[in-house]
Structures are given as C-alpha cells and as structure tokens.
Amino acid sequence: MPVAEPDVIAKLQKKEPAGFLLASVRGVGQVDFQPLLWTGVLILGSLWGAGWEYGLFATLGALSATAAAYLLGVDRSNIALGLQGFSGCLTGIALWVYLGNHGSTYVLTLVGAVMCVVINATLTAFLAPYKLNAMTAPFCIVTAVMVIGAPSYGRLWHGATPPAADPTYGGSGLTWSDLWRAFFTNVSQVFLVDEWWVGLVMLVALTLAGWRVGLFAAAGSIVGILVAWAFGAPDAQIANGIFGYNAVLVSIGMGTVFLAATAWNCVYTLIAAGAATALTASLTTLFDTFGGHTFTWPFNLTTWAFMAAVPFFPKILRTG
Amino acid sequence: MPVAEPDVIAKLQKKEPAGFLLASVRGVGQVDFQPLLWTGVLILGSLWGAGWEYGLFATLGALSATAAAYLLGVDRSNIALGLQGFSGCLTGIALWVYLGNHGSTYVLTLVGAVMCVVINATLTAFLAPYKLNAMTAPFCIVTAVMVIGAPSYGRLWHGATPPAADPTYGGSGLTWSDLWRAFFTNVSQVFLVDEWWVGLVMLVALTLAGWRVGLFAAAGSIVGILVAWAFGAPDAQIANGIFGYNAVLVSIGMGTVFLAATAWNCVYTLIAAGAATALTASLTTLFDTFGGHTFTWPFNLTTWAFMAAVPFFPKILRTG
Amino acid sequence: MPVAEPDVIAKLQKKEPAGFLLASVRGVGQVDFQPLLWTGVLILGSLWGAGWEYGLFATLGALSATAAAYLLGVDRSNIALGLQGFSGCLTGIALWVYLGNHGSTYVLTLVGAVMCVVINATLTAFLAPYKLNAMTAPFCIVTAVMVIGAPSYGRLWHGATPPAADPTYGGSGLTWSDLWRAFFTNVSQVFLVDEWWVGLVMLVALTLAGWRVGLFAAAGSIVGILVAWAFGAPDAQIANGIFGYNAVLVSIGMGTVFLAATAWNCVYTLIAAGAATALTASLTTLFDTFGGHTFTWPFNLTTWAFMAAVPFFPKILRTG
C-alpha cells in the first residue's frame, strides 16, 4: 500500500492544515490500495449514495482510526497516506451491517477503530521479517471478535433472540454484593477458583510482592468489572469473576513487568485490560463449538497483541 | 527431509534425462523422508496394489507437483530429491478418498499439486527463522481447504446431498445479467455493498488512480467470476459479488503494488486471484460454525501465502 | 516474568539445597508474575483452603513441571525463579476441574506438566524475535488438547456419557490380531491406506533406505499402539492404524533426520511420537466441527513443537 508519487508524499509530510480530514478520506481509498485523494472522495461518495448508513459508518470508522493513530503517535507520513484509516473504515461498515444502527454500534465503531490501529501495528511487527503487509487483516480480526462476541452482551446485542450467554438478561442488574464479590473473584479465577476470600488472600499476597503489583491487580479487576457491565455481560458471571480474571493478569503483566512506570503506559495497560475483558465472550463462543474452554487465552492474546505493537507507538515504553 | 548421501546429490544435480520421472518417484518416498529411488518405487507399487485409484491419484499428484515446481523455477537439486512431490502425492490420494473418482477430482488434484508447491514455499519462508521444515503441512492445508470447500460447489461435489451453499443447484445457470452485475458487485463488495452502480463508480475511481489499477481490478473480477462459475458456485452469490471481491483485491495488490510489471508476475497474480476465489467457500464454512464471517480473509491469506513464497520462485519479482 | 531483585537471583543461583521445592512454590506465584517466595506460599495456601483438590493438583502440577525442567536440562536460574512451574500448576487445577478426581487425571497432570515445559520452550523460541513472553499459553494449549481429547479415550473419560469416539467402549479389548494389524497399518495409513500388507511392504521399503529408518518406523508404530491402548482409544481404530500413523512419521523424522543418534534424543523422539498419538483425538474433534480431517496435522504440529524447543534443552542435539 505504499503507493504514492514522491511529490505527493513530500506534500503530505508538510502537515497540511486539513491533514486529518485528508488522511481519513485517503484511508477510504487505501482499502483498494490507493492513496490518491480523488479516488477516496469518489469511493466515499458512492458509499453515501449506496445508503447514508454505509457512508456514515465508513466515515466514522476512517475518522476514528486516523484520530487514534495521531493519539498513539504513529508515524505522521504513514497516517497522511491514509494507511491507518482503511481498516477502521471497513470495520465501521461491517459493524453496522452485522449489528444494526444502534447507539452501541457507534461506540463499537469508535472502539473498533482504535483496536484496528493497535492490531495493524501488531501484525506489521509479526509480518515484517517476511516482508508482508498487514493489509485489511486488522479489520477482519477486530470485526470478527466484535460480531462473534456481541450476542453474549446485553447492551451490544439487539437481535430478536436474547443474548446468548444470558437468557435472563434484563433482570435487576448488578447489586453491591455482586460488585465486591466480582472485585475479589476476578483475582481468584486466575486459578479457576470462585471464592471471594481466596481472591482477597491472593490480593494480599500480590501486595506483599510490591504495592504497585497490588495496585495494578486491583485496577485490572475494576476495569474488568466496568467493561463487562458496560457491555451488558450476565450479572452472575460478572460476580463469579468469569469476565475479569484476564484483565487482572493483563494489568499486572503490562503494568508492572513489561512496561515502564509512566502515565501513558498506565493508560495503555488499562485499555489492554479492557480489551481482554471484551475478548472473553468471542473466545468462549469460539471454544464452545468444539468443547474447548477460554482459560487465560484473552490475557495471553491481548498482551501479545499490545506488546508486539509497542515499537510503533513512541509514547509507550518497554522496561529494560 | 534433506537426507541423501553426497554422491546421490551430485548425480541428481547432473540433470539426468529422466530427471522429472525420477524426481516424482522420489517424491513418493519423501512422504516418509526417504530420497532413495527404490524406496519410492516400492511404496508407489504397494499403493497401486492397494487399489488402482490409490496408485493413480498418488502418481498424478506427485507428477503434477514436480512439474509445477519446474515451471515455477524451484531449485533443481531440491526438486530432484523429491522434495517438491510428496505433498502433491498425498493430496491426490486424499482428494480421491474424500471426493471420489470424478472428472473434477482429477482437475483438483492438478490444481492442488500446484498449490502444494506454493504453500511449501510459503511455510518454508515462515519456518526458516526457527530451523523448521514444512514437512507434509502443505498437503494438510491444501487438502483441508479443498475438502471443506467442495460441498459448496456444484461441479466439485458429487455427494448424495445437494451442495451446501445452494439447495437450488442445477437451475438455469448464469444469465448475461448475472455476469455483468457480478463484474461490478465484485468491486463494490470489497466495501460490503451489493450495488452494481457503486462498483462501477469505484472502478472509475480506481482507473483514475492509474490505468493499470483499473485494469487489474477488472481482471481480478473476471477471474473471480470464471473460477466461481467453473467450480459451480451458486448463481445468485456469483451475481452478488460474494465470490469475486477477494479476487479483485488480490489482483490490485499483487498486480500493481507488491509485484513488478512482468508477464510472469501477471500470471502469478491471476492464479492467486483464482485461489482467493476458491478459498471463499472453505472459510465461509469454517466461520459459520462459530458465527463468524468471511470478510476479506481470503484476500489477506492468499496474498500473504503467495507473497511469502516469492523468494523461492526466481521468475517472480517483488517491487522495490 | 523475569521480575526479581538482583540479590534474589544471586541467592537462587547458589543452588539452595531445598531448591526444587522452593522453585515449585515460586512457580505458583509466577502465575501472577511474582517470584517472591511468600507470595507463592500464601497463594498455594489459599488454594488448599479453597479445597484440598485445588491444593493437591496445583502442587502436583507445579512439582511435576519443575522436575521435568530439571530433567530436560533447562537453565537452572530460570527454574529457580519458578518460571517453569506456573503453567504446570494451572494445568493440574484445570484438569481436575474439567476431568474430575480420577487416577487417570493424576497421570494426565504429570504428563501435562512435562508437556508444559516443552511447549513453554517452543513458544519462547517462536516469540523471541518479537520480544514476547510465553506467559500462560503453554497451560492454555496443553489443557485444551487434553480436555478436548479426553472424551474420545475410554480410560481418561469418566463422564456420564460414553466416550465420544467409541459407543461400544468396554468391549472385549485388543486382540492379538488387532495388535499386529495395527503395527502395519500404522505405516500404511501415512498414505491413507488401511491394508496391513501395504504397511509391511512400506516397512521393507523404509528398511531398504537404512536399518535405522526401519527401526524408528517400527518403534514409532509400537509407541502409537501403546499410547492409544493406555488412553483407551477405540479398539477398531487402533487396529486400522488411525491412532498410530502420526507416531510413525514423528519417529522417522526426529529419530533419523532432525536429531543426532544419541540415547537422550531417542527418548525425546519417542515421547514426541507418543504426544502425536495423544493429540490425534483432540484434532479430530476440532476438525469434525467444520467438516475437516486430521490428516498428518498431529505429526507436523508435534514435530514443530518438539524441534523448536530443542535450543532450551542442552541434552537434545540437532543433526548438522
């Protein structure tokens, strides 16, 4: 996709005032490998013509991904060529097609676009030794995770049948007792144990090893609860720690072992903890089809993805 | 599998007159890691003894793969040791066992043997940093794709039940209207849009970016239609662009971005476009089992496979 | 996970007398990335508190994995930090949770812990170029294989329903005729042929290529029969060679091509042959869900895993 005449690249690197909008439009054309502005304009126009929702979600996806790339500090000339926006553009369209025009789909488009930028960096790192390009694989991965996972989450799923994981969805909601039990079982479920006091002892054991360790474990547990609640995961499963133990592991690992102690790294770690939580439903659905189990796959996969992506985000710093 | 006494290798590199046949027979023995001619002869003989169809498909597979390796310019001494024929040999046998003795199975054996040579190169590239050997994995991958995909294609599937994707198979066939709609929707489906005029506008946008871009997009679309029709994909899905959009992307990407503008590269690109089309049914079946979707996976996977294999095919040249 | 103050590491490398036990306890804490002894003690204590079976299987898993790492010659300071025990610990717990407290589960915990050490080395090799850590992925992989495969094996499965692959389980057992047919069909099934005399001819062809080749083929076939019988695979499938052909290939490949001729390598090869046999049921279950087949995947995957791990086991030596 690095197809552009030298003078185009030169102009792009001058940081045009309207650079952000131009990069987003170029992102639409880059789905078809084209950085030419007019190609992007024409394709985006035809999408709006095909239906306003096609146009709107394509635009939102491309804008969000491009903005996320700026925030994460991705190389500017790469952004300007539209190379960060195209998977976000496709993700927006696909989420609308498969999940419908609901408030939650707009949020997922935003979140999905950010994840496309991360996964693009991940795949670029993995494929570099083989001189291969990530192409639209970030879109394929991010959208697959979301579309497969959505039916398990009450607030994301608006289909005719109730959410897959929770036939009782729409009940009384999380109670205070659910919340504090979840906070501790998120720690104990790392060892497949559903006992809040075991989680409490483990949290003490972790704090003994270092106050930062205990802090990140607790923060991961809270992020796990927040994301699972926001997506509408089943109350009982949240209370049992099913949705939060991967967030705890991601948070300890990235927060205290793999990344340096900076504010940016902290934000990056908590985003990863949230991503691991969200990933739980998709993987559970996947493994269910052949009798497998989720175990700590969300933790491992998310940590690998976010850590492999680090070299492309100058604000995020590895330890050592 | 590089087991051979030095003098054997020396002899092999002298390009014996009967080199092609000897290499194919050695390919049968290489399934069991043996380059010795008599081991190959004895094993091949026992296969013919087990049943003429075992012998015939094993022979066809080994011959086709060895021939494909010659055509693609694979290193001669590697071919002579039988290292290009063994996955083709197994592919021939397995296609007969799972798809039956039909005209289409002979064609698939030929196609599958070619794909084994490509995927062998792909895996060799991916595994080289870890000093691992591709072994029989090309056979496992190629045959899996074909056996899983075949029930979706009317002309490849001769089972008792009708093709999976098309209960109405055996209808009136593709009409002229289906064909031109497919030509354009193959371009618009890249963005999940099923509107021929959107595809037309996008084709114009691509041609604006360069006449070669427009040409390869159109060529990819035609290859997509041809392969889907030849395999007997459902008419309605061909007309809606479901089988062709990946071929369009492969054709633009490999034809105008990743490979130089040569005749050999053009042929290689169009073969890849056809492979992406054929791959669509298997991936759709796979993703269906857990609620996923095909998206642009056939494009990404096929392009990665064909591009990673390039270093082993001296006639195929990367850009830059 | 290499989090430890320099003085702790220094002490650990002094090879404390109780080093093996301390390393195992540290392994429990390393599930949460912590090498601190007291963190491990507290967590292990809470597991015993949660239920004696939690505590017992966690302890057995951590001890077995640590012992296996010593036997395989893994770097001592790495072992001392608990970095070899944590996946084994989790594997023990998960096998008890999903397969129940039976004699066979104790054996699987031991076997699984050994496999965790191997797969940890494999993943470490694969992830090193990307500066990623294997984390708990060995646990996820090994336990998934065992839990998905167990329902196919009569001696491993104690659920209410009979073993998946064999509704007639509990019959008369393997006869002498089954055994010698299995010995030969294990060789012929490499080519998808279920004829004992074809296997005999092929064994002759292999011996022709070298007596060691014939010997390892025969040894692989015997290991395949032993493991399949010990796990309680269906008699008819053992006799038809379904469970043994991958062991034959692993044994020839690792025994005569990839590894040097030493006693340690021979043991390592035969363990790999057994692993490939055991892997057959899981992969068959996996591929069944979307209409795929096992082919020689167990051979390829097992050989890749065991060979990629070699650099971490100083007693195992590659050829060349």
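Letters are used for the chains, namely A, B and C, taken in the order the chains are written, and counting of residues starts over at 1 for each.
We adopt the following convention: a contact is a pair of C-beta atoms (placed from the backbone, for glycine too) under 8 Å apart; a residue touches a chain by one contact, two chains touch by 3 or more.
Since the model is a prediction, treat every value here as computed from it, not as a measurement.
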Practice problem: With chains as vertices and touches as edges, which is it: line, ring, star, complete or other? | Solution: complete
Quiz item: For the sequence-identical pair chain A and chain B, what is the superposition rotation angle on Cα atoms, to the nearest 5 degrees?
Solution: 120
Quiz item: What's the call on chain B versus chain C, same or different interface residues, using the half cut on shared numbers?
Solution: different
Self-check item: Between chain C and chain B, distance of the C-alpha-averaged centres to the nearest whole Å
Solution: 34
Practice problem: Could you list which residues of chain A touch at least two other chains? | Solution: 129, 289
Quiz item: Contact residues on chain A for chain B in the complex?
Solution: 1-3, 29, 31-34, 36, 38-39, 42-43, 45-47, 49-50, 54, 58, 90, 93-94, 97-98, 127, 129-133, 135-137, 139-140, 143-144, 147-148, 151, 285-286, 288-289
Quiz prompt | Residue numbers on chain A that touch chain C, as the complex places them | solution = 125-126, 129, 188, 190-193, 195, 197-198, 201-202, 204-206, 208-209, 213, 217, 249, 252-253, 256-258, 287, 289-293, 295-297, 299-300, 303-304, 307-308, 318
